[in-house]
Every structure is written in structure tokens, then in C-alpha cells.
Amino acid sequence: MNGFIPLWPDAASAHAGQVDQLVIAFTVLMVALTAPVFVLIVVFAVRYRRGKAANRTHRVNRSVWLETSWAAIPFLLTLFFFVWAAWLYFDLHRPPADAMEIDVVAKRWMWKFQHPEGQREIDDLHVPAGRPVKLTMTSEDVIHSLFVPALRVKQDVLPGRYTTLWFDADRPGSYPLECTQFCGTDHSLMHGRLVVMAGQDYARWLAGTQGGDTLAAEGRALFRSLGCSGCHGPGATVHAPKLEGLYGRPVPLQDGSTVTADEQYIRDSILEPNSRIAAGYPPIMPTFRNLVDEGEVQQLVAYIKSLATQPAEPTP
Amino acid sequence: MAERLKLREPFADPAHQAAADRMGMFVFLGTEVMLFGGILAVALADRIRHPEAMIAASSRLDLWLGGINTAVLLTSSLAMAIAVAAMHQDRPRVALGALSATVALGLAFLGLKALEYGQDYADGLMPALAPPAEPTDPAQALFLNLYLAATALHAVHLTIGIGLVLWLASRIARRPEEQAMTTELTGLYWHFVDIVWVFLYPVLYLVR
Amino acid sequence: MWSALRPLLLTWAGLLALLALTIAVSFAPIGPVKPVANMAIAVVKAGLVLWVFMHLRERGGLLRIFALGAVAWLVILMAMAATDILTR
Amino acid sequence: MTDIQAGLPASGIVPETAEERVSYLRAGHSLRSWLLTTDHKRIAILYLIAITAFFFIGGAAAALIRLDLLTPQGDLLSNEGYNRAFTIHGVIMVWFFLIPSIPTTFGNFLIPLMIGARDLAFPRLNLLSWYIYVLGGLVTIYVLVTGGVDTGWTFYTPLSSMFANGHVVAAAAAVFIVGFSSILTGLNFIVTVHTLRAPGMGWGRLPLFVWSHYATSLVLVLATPVLAVTLALMAAERLFGIGIFDPALGGDPLLYQHLFWFYSHPAVYIMILPAMGVVSELVAAAAHKPVFGYWFVAFSSLAIAVIGFLVWGHHMFVAGQSMYASAVFSFLSIAVAVPSAIKVYNWTATLYKGHISLEPPFLFAMSFIGLFVIGGLTGLMLALLAVDVHVHDTTFVIAHFHYIMVGGTVSAFFGALHYWWPKFTGRTYSRIWGRLSAIFIFLGFNLTFFPQFLLGYLGMPRRYHVYDPAFQVLHVLSTAGASLLGVAYVLPFAYLLYSLRHGAPAGPNPWPATGLEWTVPSPPPKHNFDRIPVVTEAPYAYPVERRGDDG
């Protein structure tokens, strides 16, 4: 994005390159389909000017074949681009399993990022180059939208729900990161930088920043201080679902359906325990909606996910 | 049957004007279908996202009072239809009687509805207006809010309907010979408000 | 006059019967098909009111289209919104 | 116009002509005769005055926005001021200018004349619709004067219902009210076209202007009520705390977006369909030749109206909508572009072997075709899922819909104004100034909005008034274009109003063109036709000008 008038944004990921190819190819098709309209209007306006002699014989006022063809052909050509674009879009919605997980909380007019290693950042996000990164995002108030132009990715951040966004930035550099869903007074100020760093630079950055507990560790502390361990802990006597090995496993619900225990299910069970009650358990869990904010819920979710690897003991 | 109506600008022939008036009324009722349609769409969305909460909240509503109200409104529709038939048979006195029955039944519906609202208010079924002692489950509060919004909008339409019928009755009392068409149009509106309740009743009360 | 009232009274009786039916159906343990049954009965009741009380029986096809056209657009709104909510 | 070669009209005051003395303009001089009129022509004039006022208020807000964006830090307005400026610009332009512009002025005036009727089916409802419009307008002026609203014209919840601090409920009430004005206009047109066509005026003989207004009316009548109930629910949530979309209760903010866009995408077809009807008339009159493929163009209006209801999800590709639903909406959004492609190609084919004159209205029509094509194609690009992920909610989208709404609908509005002005007022205007304003509007418009395509792809978010300094040059170009556009828009009102006093009498058919409205005197008498005409031939039956024209 250099030069006196910037004309094309930087591309910092393979996906960005593919979107650029799609846009350029589609523009070529569009110019091909519409150049005749612009040219012919001018040509006809000159050649068939009122009062000017011209060969106006054989005027045809309808031709079903011609009209059907210039309706169908552009449609079919565009369908090819529809499939190409849909393929890229579906690819955006399927994060790789080994992606690095970063939790994001959007709050009126700032972005809060939480790295699994415990680092916390406001508005700026440091990520390693060449590794897929998956952002799990939620909002504490209104709808925001995380947009990184250099990666050609954008995803709205909704209150009361997790939305995800993943990217694999391969070119180190500092790229703008913005909020693109109008969220109130300082919507224009809710931007920051996505700093993509080469492997060792990122490691040095990680070491340099104050290495507090990892996200899961803070989650465990919260798990104990809020009293969750009283029911869900190993030595608990209360009949409550065991959380070891829960993450990613299908959970049978009381109304007979089953749901996989993803971040969304764990979050909902913390904030609205009665929404989807596990089968065979009484709905006695209190809501923690006013006790924890979204950032702390993400820490609890990180802790429960860290329990996924331990074997589940038989429930008492 | 010759259309008994007051001819007005651009129309020269009564049957032509009658057809236009009926078409205009049905197009207007089409817009009302889309207005209440928005609320039914919200109900469908809530039903898909929170099935058990919907069932739990709906079962807390007074099914029988709703049922009686539906019967009252259906009967008022009958009375309205009789009024329309009477006006087409040129029997204004019978029509006035039927219209007063329609108004009475309409007011009865509103009265029962107000009674029900009082009951709901006391039972904490209106979380937005009177937060109950022990807080209702959020998803149930969602349904109860929708119940309040939908029945309030319907009650507003019913009140407008009652106003229209009273205005119509006063016109028939003064000059009965030209009011057949106006009676039929008011009847169409009244029957539409009844149809809205025919759908609102199962959507709100019978979610079992 | 009586000949005009007869269809109205019959329709009214039909409507009340359908009301009783819909309440009864809501108690019957028929599980997932219940909302469909509720709506079907409501559609029949609405159809009766439209056909007899609103005299659609005596009206031409065009007016019937006008009377029922809007319902098609409502179905578009509900169906496409539901596809999103169900497959989210 | 052929007989008046001089560019400027005859100098000095032109006395009242015979037609004017008996025309609808002179049927009653008192204010009361205007404010209580049920004559569709007078109501059209009342609407023309009202929407022009709102056009300039909305335009002023746009000027504020463009001036504020001159500098990267946005020095003219505060954050709050900028948010309220673009919100009031959106609300006024969408609901108080674009949606009513062509149907309530040219639709009201011309549909009865074009189908051979003395008035619309419900004249009193027509006047009521104007009063409802004015009431909605007054509430909007109240909102504007007392501080405005800061939610954007889209009023997304939960921002609008729980966090915004402007006059959200009053703005929602204003839009709720003005919605009923559109419903009444749509209802009036549908019943009029069905019941008041002159003998012999079958559906195959309707001018395409009437076809497009019929399709617009279907959309008006079926979509607007959903907006009314959505804004009512949002206002209830804000005022009484009746949470319907409240995420804390488990409500779905996307449900608000589904209901809002179910109206708001068909609303953009309400804005463009009448413009397409105008352009069909202008292209036929410019080429002095029937429109190529009458039935295809007529049915493409209906197709746009119907398919327009199936595509709203393309506003929500990144909003958290399921990817399967997004794919369905993306496919249907590509399908909805097909009828528009038919129209554009058919208009171009109409010019082939015509007798093309470049009078001001026909210049506006050609600039419509050019700008609408660019707007339509960038719309197709936005319908592609992966592209929309990048450019959604950036100035690329702003440029796209301004190319269609300003490049399209406003150009067609000015084209219609210049084409039917002689019929409205019986006076002709200066053709030189007419052509100049068309050219200035075309240049100013492109200079304003083409840079915003580039800015959008570069990643300049929408509704931002602080931006990366590297974007400043493009913003300055855009603001320069906006100032040229602002001046160009004032020009027509100068020479058109001047023509009221000084314009030469236009006569019944100045262009000359076909259509029943050109068979009555200009300005037409109050009762339109002395005798209701009997239609015997197809529309656009232009006489063959030269031997062998028809081969």
C-alpha cells in the first residue's frame, strides 16, 4: 500500500492472494460483458442521430433467442465465480485442528486478546507467521466485527455467542485491524495492529512479555474461587457432570437430542445452565451470568478444555 | 345484487367501484398479514432456538381464558357477518342490532384480555413490566415478552375495529341506503382481526 | 333473510367445533407433529372465515389471489430465516 | 423541442397560455384548494415540493460527512457528530427521498394519464398518504433538530435498543409513520392499474413505466409492513424493556437483521424499479422507436420484484449467518441480477437503428444506464461470498449502493423531471442548461464515488471518520467530487423554476413521444380527458420517419 495514491492493499496470506485473483478475474468478465453496452450506446448515438441519414431497414423489436441468451450466458458465467467464491468461503469456515487458539473479547471501543500462554493484549495482536491462528470471539455489549484488510478476513462478533475466525498469515509485518460493525460513539477509534512476526521474533516477544499463568491456569484458579470445584471437582459428592474429557465429546441432553461439548456449549452451560441440561442431571446449577465477564468465561473454558486430555473417572 | 354505495370520483358505475373497493381492502389486509407475519416469524425463530423454554412458558398461560376469548371473537365475527348480510338485504335495523352485538362481543374480548393481563401481571408472567419474585428463566422471559407484544398489537387492532363499527353504526343510523359497501369493508377488517387471533391462539397458548 | 343466515350459522358452529378440536389436540400426546396439527386446524378455521364470512366464495379468482397472496411472502420470510437458524 | 431551436427560452415574461387558464394548476387558487385537493396531479406537485426539501436536507448531511472526511482525524465533526450526520443522511435519503421520489411524483401524476383514467382509484387515500408523509417528515425534523440519532439508518439491535443515546424511538416512529404513506401509494397504484385502464388498454399495451410501478407497488405493499413491525418491536424493547432481540435473554440479534433486511433489500428494488420504468420511457422517446423486447422488459420488472424478496441474506454473510444459508442467498443474489441485465441489454438494443436525439432527459437516461451497470456489477461482486467477506461494511459497499441509488435512481429522477416538466407546467426550459447539468452531475458523481471503490478494497471501513493518512488523497478527490455534485444538483432547480415565468409554451407533445399523457394539453385539465380514450394500438407506436425505415 505504497505510492502517492494507494491502489491495492497488502496481501499477507495465501487466502488474500486467492481473493485478489477472484476479484481481478471477475472484473475482467464484467468488463467483457459490459464494454459492448458502453461502446454501443456511444456508437448508436452518433450513427443513428436523429435527422442523420443511416441504413435503418430491418428494424427488429424483439428476438426471444437473443434476449434469452444475453440473460442466460452472463448468469452461467457468473455461476462459475459463485462456485469459486463459495469454495473460498467454506474454506474460511473450516479452521484446521492444529490452529493456535486465541480468545478475543470485543468491548465498546476496544479489543481484548488473550493468548493461551497467558499474555493479554489490548487492540494489538501479535501472532507467529506461517502458523494457522484461530480466534474465538465474543462481545460484552453490542455487535462488533473484526476485520484485517491485509488478510481479507472479517467476522462479526456477537454478544451472547462465540464466532470464530481463522487465518494463516505468512508475511511478517504490521497490518491494520479494525471494527467494521457500527458499535457507537468511538466506533472509528476501535482499531489496532495485527503484528505478524517470524518464528523466533514471536518466541522472543512471548518471553519478553510478563509471563503470568497460562490461560488454563487462571481458569483453574477461577474454577476453585467461584466454587465450581464444589460440584464438578474430583472429590465432589454432588451428582454433577464430570468435566474431565468432556470437551469435544457428544453430550446427551434431557430432551433426547445430543450436542457436542464445544466452547459454545460450555459457555452457555456456565451463563445459562437451564438452557441445555445434560440428561440424567437435575437443573440445580445456579447461573454465573453476573459473576463472571466474558474474558473470565473464556479462561474457564480454556481450563475445561485442558481437562479434555485426562481420563474421565466414573461418576459417583 | 345492485351495489348500494355512494358513487365517487373516477368511477361511473357502482359495480366497478365496489370491485375496486373490495380489491383495495384485500390488498390492505395483505399488508396486515405481513405486519402480524413478522411477529409469527419471531415466534417461529424462538421456537426453533429455545423449544423447552417455549413449552414451559406457554403452559403457564391461562389456556381456558384464551379459549373462551377465541370463542367470543368467533361469535363476534358471526354477528358482523349477519350485519353485512342484513345490509345487503336492505334491513338496516337488523344490521344495527348485529353491529351492537359485534361491539359488545369485542368489548367482552378486551375485558377478558384485561382480566388476563391482570392475572399475568400478578403471576409474574410479564417479566418486562413487573419483575417477578424469583426471576424467570431468560428464554421463558423472551417468550412472555413476545406474548405481550403480540396480544397488545392484536388488542390495538381490535380497538380500532370497534371504533370503525361504532362509526359505521352511526352512519347507518343517519343514512342507511348507501352503507352496504362500507359495512362489507368494515366486516372484512373485523374478520381479519379475528383470523389473526385464530393464529395467535395456538402459537401462544397451545405450545405443548 | 333466513336463507342468508343459514351458511353463516353453520360456519360459526364449525369454527367453534374446530376450536374445541384444537384445544383437545394440544393435550393429545402426539409429540413433534403437534405444532403442524395446530397450524393445520388454524388454517382450516381461517379458510372458513375467508370463504364464508368474507364471501370469497362469490368472488373471482383475482380477488382470491389478493386475499391469499401475502401468505406466500410470509412463508418466504419464515422458510429462509429458518434455514439460517436451523443450519447455524 | 424541434420548433424551439434557441437554447435559451424566449426572453421576458411569457403570458399565461390558453391551456394554462383551464389546467389543473389554475383549478382553484386558494391554499385550501391545494392542501385539500384530491387531484392526483396536484398531489404529485405537493409531493415534488416535499421530497425536494428533504433531498436538500439529506444532501446537507452528506456534505457534512464529505467535509469531515477531508482530514484523517476528522476535524470538522466530533465522533458523535459524525455518527449522527451519517445516520440522518441515511434515514432522510432512504425513506424521505429515494423511496417516495419517482412513484409519488411521476407515478401519481402520470399513471392515470398513461392508462386513460381521470384519477387514481382512491383519491382521498392519495391525499392522506401525502399528509402521513408530511407527519413522518415533521417527526424526523424534530429528531434532527433536537440532536439526531446515532445508530445508523439500520438501527441494529442491541446497539439501538440498549446502548444508543440518541432519539432512537422518535426516529423509529418517524419511519413507522412514513411507511404507511408508501403502503397507501402502493395500494392505490395496484387497484388503479387493475380496475381503471381505458377500454382497449390491455396489459400488453401498458407503458413500461406503468409495469415498473405496478411491480414496485407489489414490493411496497408486501415489504413495508415487516419494517413497521420490526421497528415497533425494537422500540418496545428500548422503551418498555420488552426484550425480543435481547441477547441477555437468549434473543438472537441476527433475528432483527433477518426481519430488517427482509424489508430493506426489497426496499432498494422499490428505489430502482420506478427509475427503470422512467428509463424505458426515455430510451423509447430518445430513439423514437419501440422498446426492444417489450414483454421481456415488462416481466423483468415483476421478476425483480419477486426474486428481490429471496436475497436479503447477502447483507449477513459475515454477521454469523450459517454458511449454507449464505451460499443459498449468494446464489439467489446472482439470479436477481439477470432481469436487470435483460433490461440494460434491451435498452441498448432499442437505440439500434433509432432516431436518437440527445435532449437533456435522454442524456440523463444514458448516464443512468452507464452508472447503473457499474452499480449492478459491483453488486454481483458483493454477492460472491469470499469477496463480500473482505469488502462488507467498507466504503466499497457505500460506492456500490450510491452508484445504483444516486447514479441510477437520482439520475432517472432528474431525467423524468426534464422529460415531463413541459407536461407538468406547460413550459419549456433552457436545453443548454439541461445538458450542462446532466454532464456536471455525471462527472461530479463519478469523481465522488469511484475513489470510494478503491478505498473500500484498500480496507477503509464504513462509518469511520478517522482513517489511515495514506487514504487522504482519495478522500480529498471524493470530497471534491461531492462539491461539484452539490452545485450540479442545484442547477436544474434554478432553470426549471425560471422556466415557470419565462419558459416558452410547450404544447401537448414537445419531444414528440407516444403515450396517452402526450395526447392531452400541457398542463392537462383537471379531469385529464374530455372523453376516455379507446386504445387501439400497441404502446411506443412511433411513426416511420423515412421510407424504408421498416425495410
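All chains are identified by letter, namely A, B, C and D, in their written order; residue positions are counted from 1 within each chain.
Assume contacts are C-beta pairs under 8 Å (C-beta built on N, C-alpha and C of every residue); 3 or more make two chains touch, one makes a residue touch a chain.
It should be emphasised that the depicted structure is a prediction, and the values quoted were computed from it without experimental measurement.
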> Where are there more C-beta contacts: A-B or C-D?
Replying inline: C-D
> Approximately how many whole Å separate the CA-defined centres of chain A and chain C?
Replying inline: 43
> Measuring from the mean C-alpha position of chain C to the mean C-alpha position of chain D, what distance in angstrom results?
Replying inline: 38
> If you average the Cα atoms of chain A and of chain D to get two centres, how far apart are those centres in Å?
Replying inline: 36
> For chain C, which residues are shared contacts with two or more other chains?
Replying inline: 62, 70, 73, 77, 81, 85-86
>> Give the residues of chain D touching no fewer than two other chains, as numbers and ranges.
In response: 194, 222, 226, 248, 250, 252, 254-255, 258-259, 320
> Which residues of chain A are in contact with two or more other chains?
Replying inline: 272, 275
> Between which chains is there touch?
Replying inline: A-B, A-D, B-C, B-D, C-D
>> Quick check: in the complex, which residue numbers of chain B touch chain C?
In response: 22-23, 26-27, 29-31, 33-34, 37-38, 40-41, 44-45, 47-49, 63, 67, 70-71, 74-75, 77-78, 80-82, 84-86, 88-89, 91, 94, 184, 187-188, 191, 194-195, 198-199, 201-203, 206-208
> Within the complex, which stretch of chain B touches chain A?
Replying inline: 50-53, 137-139
> Where on chain C does chain B make contact in their complex?
Replying inline: 1, 4-5, 8-9, 11-12, 15-16, 19, 22-23, 25-27, 34-35, 38-39, 41-42, 45-46, 49-50, 52-55, 59, 62-63, 66-67, 69-71, 73-74, 77-78, 81-82, 85-86
>> Using the touch definition from the top, list the residues of chain D that touch chain C in their complex.
In response: 194, 222, 226, 252, 254-255, 258-259, 262, 309-310, 312-313, 316, 320-322, 324-325, 328-329
> In their complex, what parts of chain C are in touch with chain D?
Replying inline: 62, 70, 73, 76-77, 80-81, 83-88
